[in-house]
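Chains here go by letter, A, B, C, D and E, matching the order in which they are written, and residues are numbered from 1 within each.
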Amino acid sequence: MSWALVGIGVLGAPLLGGLLFGIDRKITARLQGRKGPPIVQPFYDVIKLLAKDSTYTNRRQVFYLYSHLLWMLVALVILLTRQDFLVFVFALTFSEVSLALAGFATKSPYSHVGSNRELLQILASEPVLVFMAFALYLATGSFLTGGVFLIDEPLLFSYPLLFLAVLLVLTILMRKSPFDISSSAHAHQEIVRGISTEFSGKYLALLEIAHWVELIIILIIVFLFWVKPWWAGVLLALGAYFLELLIDNTYARLKLGTMVRTTWAWGFGLSLVNILYFTL
Amino acid sequence: MTWNQFLLVALALPLVVALLNYLVRLPQIRKGSIIVMALALIASAVWLHTRVGDNAVVLSFPWADLTILILDLAILAYITYVGIERRHPYIIALAVLQLAGLLYIELGLRPDVSEVPSLVIDRLSVVMYLVVAVIGSIICVYALQYMEEHDDRAHPEERKGRFFLWFVLFLGIMNGLIFANNLFWLYFFWEATTLCSFQLIGHDDTRESRDNALLALFLNSIGGLAMIAAIFLLVNTFGGAAASLSAVVNSGLAVLSTSFLIALAFLVIGGFTKAAQLPFQNWLLGAMVAPTPVSALLHSSTMVKAGVYLILRLAPAYSGLPLSTAIAIFGGFTFLAASLLAVADDNAKRVLAYSTVANLGLIVACCGINTSLAVNAAVLLIVFHAVCKALLFMGVGVIEHNVGSRNIENMEGLAARMPAMMLVVSIGVFGMFLPPFGVLFAKWAAMEASIREPLLVALLVAGSTLTALFWTKWLGRMLSTYPREEEEVQPVSMPGYYVTSLGTLALGLVLLSLGLPAVVNGLVLPSTMTWYPPAIQGMSGLNLAAFSWANYYNPEIILGNAVVPEGLFPLGLLFIGLLLMLVIPMAFFEPEKERVGDIYLSGENLDEGPLPLYFAGAMESPSKVSLGGYYFRGVLNDRTVLSLNIVAAALMVMMIGVVAS
Amino acid sequence: MPSRTVIPFGPQHPVFPEPLQLTLTVEDEKVVEAVPSLGYVHRGLEKGAELNDFVKNIYLAERVCGICSFMHSWTYCSCIEELLNIEVPPRAEYLRLIFAELSRVHSHLLWLGLYADAFGLESLFMQCWRVRERSLDMQEAAGGGRVILSACTIGGMRRNLDEDMRRAFIKEVAEIRRDFERLVPVFLNDYSIKKRTVGVGVLSKEDAQSLGAVGPTLRASGVRSDARMLGYGPYKEMDFEPVVEEDGDCYARGVVRVKEVLQALDLITRALERLPEGEIKVNFRGRLKGEVFKRMEQPRGEMLYYVRASRNKNLDRFRIRTPTFANIPPLLKMLPGCDLSDVPVITLSIDPCISCTER
Amino acid sequence: MNLVHLAQAKSPWVLHYDASSCNGCDIETVACLTPLYDIERFGAVPIGSPKHADMLLVTGNVNHKSKRVLRNIYDQMTEPKVVVAIGICATSSGVFHQSYNVLGGADQAVPVDVYISGCPPRPEAIIDAIIMGAEKLKKKWKEEEHPVKRSNQGSDTERSTADVG
Amino acid sequence: MFQAMMPTVLKNLFNRPVTREYPYTYREPFKSARGRLVLDMRECIMCTACEKRCPAGAIEIKRKEGLYKFDPYSCVVCGACVEACPEKCLEIDSDWRRPVGEMKTEVWHIEPRRKKADTA
């Protein structure tokens, strides 16, 4: 891969992610029996936000918000260039930590609670991703993401349980019900909009764009479970995406404690059992 | 410079400076002598680094053996005296047992140690010496200013003299410890660090500090006893020649006798106590009552590092044995448990202490994994952890003096009041768990190496996520400011000593991380090369030696084109990320053009004007928004600590069981 | 010292459609203290009513609340009717019952939707409101307004129901029931909803009684109490039996309302089938004098009206005690000790209606 | 900047505040979100924080207590922003005009851009108002300042029976 | 049931959305709906019955000047005035008023005419 391709990836991912978000809103609307917004709605939103005036409460908030987007992109680049998956998880964590710090930087009770919840979401989701790195190593003999392209059998076949665990944490990463507790697409939250309560204008737009990138990252993670032929992986990713939408629309939002308990018991358990089974 | 001259600088100079400060209590003398000593130590470290090659330097001073023995007995006698005076039966018992053991070995077994080299200086010692000398010296400079501000009620000058006596002595003893090869010498330095830490923890002479000093003495005496037991087993079975660290290490699998293995286990347990592994962590937490430079010294470069240093050094000896796996699991468990406890604490210094315990656990786990990658990761962790922790402790010390509290909650909004400290602490915290800093690199290597033990993988994964939780939580509290707080609050200015010491360390941390390949190739790999030559990499073929400068910053590798089979830490890419993180906000953020907005308080803000963060509450009364961190006390409380300790103790018993069977 | 967070929860807050402030003190995320602050929608309606001609007050009473608007006008009108000794024709009384129960259907469906939103199940909210639109169409077709009907007047009704419409209504009610029954199992059985509501915000029978809870909040705690049991209007002919649940948690309160929707649909069908022929309005004359006190069951519980008059056209005193007013003390009993995420669920579980509480 | 204009008209994020209504208007506003009306078709989504909102939907009269809140929310919204007064209470004060605690319509607290009458207005009418408000949003973009209109005295439409008859 | 919502959402997905496409399609309001008050003042005799019955104070009559002011932004469309008017000048229409950017009062100048009673 050359720099140019990486550049295309970095620019293209948000666009694709935005489009997928538009489709998400359309499908969600249809699941609720509504017509829903046009598919390009996320782009309208972000362009509008970019043109809107913005306020900030202090400089560090702005700094960490940029850092959130930036490290999300770094994580994307690591993934796109098929590098070390463990490092990818670290970069993703840095991105989420930055977001939490951006929320903490304002002395707003809503952001504060949101940031704390974000941290617990990291706590809930990161282990499974790290396990995935180990699974990659065990299956391919390398921590590099590129390894999955070298083996013939899809990762899914050796790690069905881990795949389930990944699906479980995808709900968290995609901020979908039942685990959309730190900030959700839907406004009706007990903590208003959580971390993003204090962002406005272009800063909110930055956050939205970061979410788009995050979505692409998430889909790539699913894709890795079945890379050969490539369309199988794409189908798998889209299937998982649709499944998340269904779950989002049929589950009530669960509570913080339930989330941590569920992901640690099931996510951890399933991954570990699968990895142990694989090594034996 | 000759070796003798070097030893004069490394061992005798601190002793002299310590005594000088105790006897002549003049601030000018104190400052001058300590700064000179610091510079001399740093210079000697550089000299040592250039001087020691792949072959260890062996130095023998048989004439000093008797002196060492007498000093040993003196220390033990003193500890017994303390135990009697403070009516602590366990300390008395432990000290008397050690005394009896030592006397029995010397008089009953009469080992012939004339063949045993007193000191051996190899590359690992060089790494340790660099850590102790450089970081220790910087802490000394910091302490000069800190102790000026420290509240010593009566006879301030006398107390300062006493403080610097033990403080500087500590450095010298630590230098001895990392060179010692003769087990009796090692034991002496070991006990001397115990003594120094006892004196320093009790420095404030309050009830609390005296109690905690006693606790440290008690728990470390267990380690001392373990060491005596190990020496006894070795000398009893193999004769005097076995009382040599290098002999123990090099004998390796050749002497697979039970008593050798048990001796090995005892030595490791001795290391556990010093390294404050669960269930011995309490002395380190109690030590937090001491003045901050002491904590910084204990955590970063001396006491606890002595513990892991010993375990690390012994790693080749137990390589491939069940003991090794047991150590790995034990370390992993400590890593997880300490991280968990750190989440529930709101005392900044205790959080740092738990984090130290956790990281030492990780180092121990690496030693237990015992592959080239893992052991190199352990060395790297020792180096970077020392830098970060020294920085963090010193930062917290400054904050504590200004805020008047160690409670994390009281540090809220520090970013506005002490922006410089915020920067320093942020670097320290980022250094502990975020890419591309060294600790994370080492953690990455450790995790990739841990693939050998799936159970260990689980422990490390759980522990490392918890790490992110408590660090971010703390940093978040400090960042939290209300709009316009910066304009309203006067930033606190910083004395030169602080700027020098903290600035050096912060800059050093960034530079060391940037130059990771140099650190790996120049320091870390050579220090393990003797036992883990790159040719026989561990099970995971991941080869740290392949990661040269060229590799890290090679665009081809950043782009993932080069085929590196096992794993790769794309340092260059991560640094580009870090750089952009600093540049982009500066480029796009125009604070003048934008409005500072009040925070959202559901429409009931009263914070225009003199009442920041107030909202109209019930009956229109102004109520203040207050924020509190999450500590999960419902789940993590004393009972959790107790059960974790029990599990740790059980693991340790099992470890010995594994060895004995 | 445990660290505590103080959160101003409201008045402007996405989970509350109406302004209400709870100053929440939380530790981690456990609520330690909740202090309410009211008065954001106080309009001085009762005082305003005393300035008016008593006939105009029908329109004012309707606007005590836009949700159970019809019930307010019914209660007000029946107070005046009692003062003036007016005998309301039976057809009008039946029509009133039909509209009142229709209000209950739309009010409960509305609430079930908001409740679903409070625990984050947006699609369920959408479905509840979608069903509710049918009942609004019925109200508009027959009463002239989607939510504020202005159909009730002193002495009877302003709007009649012709035979075609009556038949259409019976059919429409059956369809509402069919649509709603699809959602019933969701409220009763869904795993995630139960996870969020069972055992949350428990109000014991004793507390419910001593703190003066009313309506579904009271009935969900196992107390058989409903003002409709008094048999005002045509209720005496309806064999009315209140819905009672025992557990007193949020889940039980939801179940009570789900069952009440079905019950209300039954009552409407029955009333439509038995609808007597005849006049819908009688003319009245006379002077207002005396005082009257009325209890009626609104969707949210029992409501008290007190009217005193001595001046012919104007009222001397006009007082309303609304159900939410009575349900706030039980709410404050339930909040401490719950999780922050439970606050919206518990608060909404009493179906707070601030506009009537503050009038 | 046609794209920006398009985006602004297509993405009005609404914040609803009940300044002291009877609920009638509130529930009709909420009804606009529901499947039958679905204002998300026009990109309008309800939003919790004023900092994200483009459009403030006010229902109900302004009273002494809600005036400050309304003003505060309005101030926290960033430009461009429009205010829509929904229902008679918010345009004037309807049946509550003689109550002691009622100050009048929403324009007593914030400048109003769109008025919609009705007690309560039908959801269709509210959709009309939101579309109209969204159109106004793009006009307001980067206007220097928003003069605060504090009166609701528009010029009267003069008509006479002679004109009609 | 684990996910009781599933059948409903799937049904929704595969059915057409129920959204009424207002403003692209227009659904006639019910005939009886109270949309807005329309005035036709040709027959008005300035008796002020409507003014007296209006709960919202939307009608203001100045007999001497022949002024009849109606504020559509105060009218709650209750219909009390319609019932009160002897001349059937007022009527409730089922269509609704469109939003405006500026509120305007309807002012009618009513030519002085004799009351109906007089003509009779």
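Methods note: a contact is a pair of C-beta atoms (placed from the backbone, for glycine too) under 8 Å apart; a residue touches a chain by one contact, two chains touch by 3 or more.
From a predicted model like this one, the values you see are computed outputs, not experimental measurements.
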Measuring from the mean of all protein Cα atoms shown, which chain centre lies nearest? A
Maximum number of contact pairs occurs between chains A-B
Please indicate which chain is farthest from subunit A, where distance is taken between mean Cα coordinates of the chains. E
From subunit C, the most remote chain by mean C-alpha position: B
Distance from the CA centroid of subunit B to that of subunit E, rounded to the nearest Å? 80
Quick one: subunit B and subunit C, Cα centre-to-centre, how many Å? 65
Using mean CA coordinates as chain centres, what's the subunit A-subunit B distance in Å? 35
Suppose each chain is reduced to the average of its Cα coordinates; what separation in Å results between subunit C and subunit E? 27
Residues in subunit A with touches to at least two other chains are numbered 29, 31-36, 53-55, 109-110, 112, 187-189, 192, 197-198, 200, 249-251
Where does subunit E touch two or more other chains at once, residue-wise? 3-5, 9, 12, 17-19, 21, 29, 55-56, 76, 78
Which subunit D residues reach two or more other chains? 17, 34-36, 38, 41, 46-51, 69, 73, 76, 78, 94-95, 98, 119, 122
Touching chain combinations (by label order): A-B, A-C, A-D, A-E, B-C, B-D, C-D, C-E, D-E
Within the complex, subunit E is touched by subunit A residues 27, 29-36, 246, 249-251
Inside the complex, what are the residues of subunit D that reach subunit E? 35-38, 41, 84, 88, 91-95, 97-98, 105, 113-119, 121-122, 124-125, 127-129, 131-132, 136, 152, 154-162, 164-165
Applying the document's contact rule, which stretches of subunit A touch subunit C when the two form their complex? 28, 31-34, 109-110, 112-113, 177-178, 180-181, 184, 186-192, 249-258
For the complex, which residues does subunit A have touching subunit B? 1-3, 6, 53-60, 62-64, 66-67, 70-71, 74, 77-78, 81-84, 86-87, 90-91, 93-94, 97, 100-101, 103-112, 115-116, 119-120, 122-123, 126-127, 130-131, 134, 137-138, 141-144, 146, 192, 197-198, 200, 268, 272, 275-276, 279
Interface residues, subunit B side, partner subunit D - complex: 595, 597-598, 600, 603-605, 616
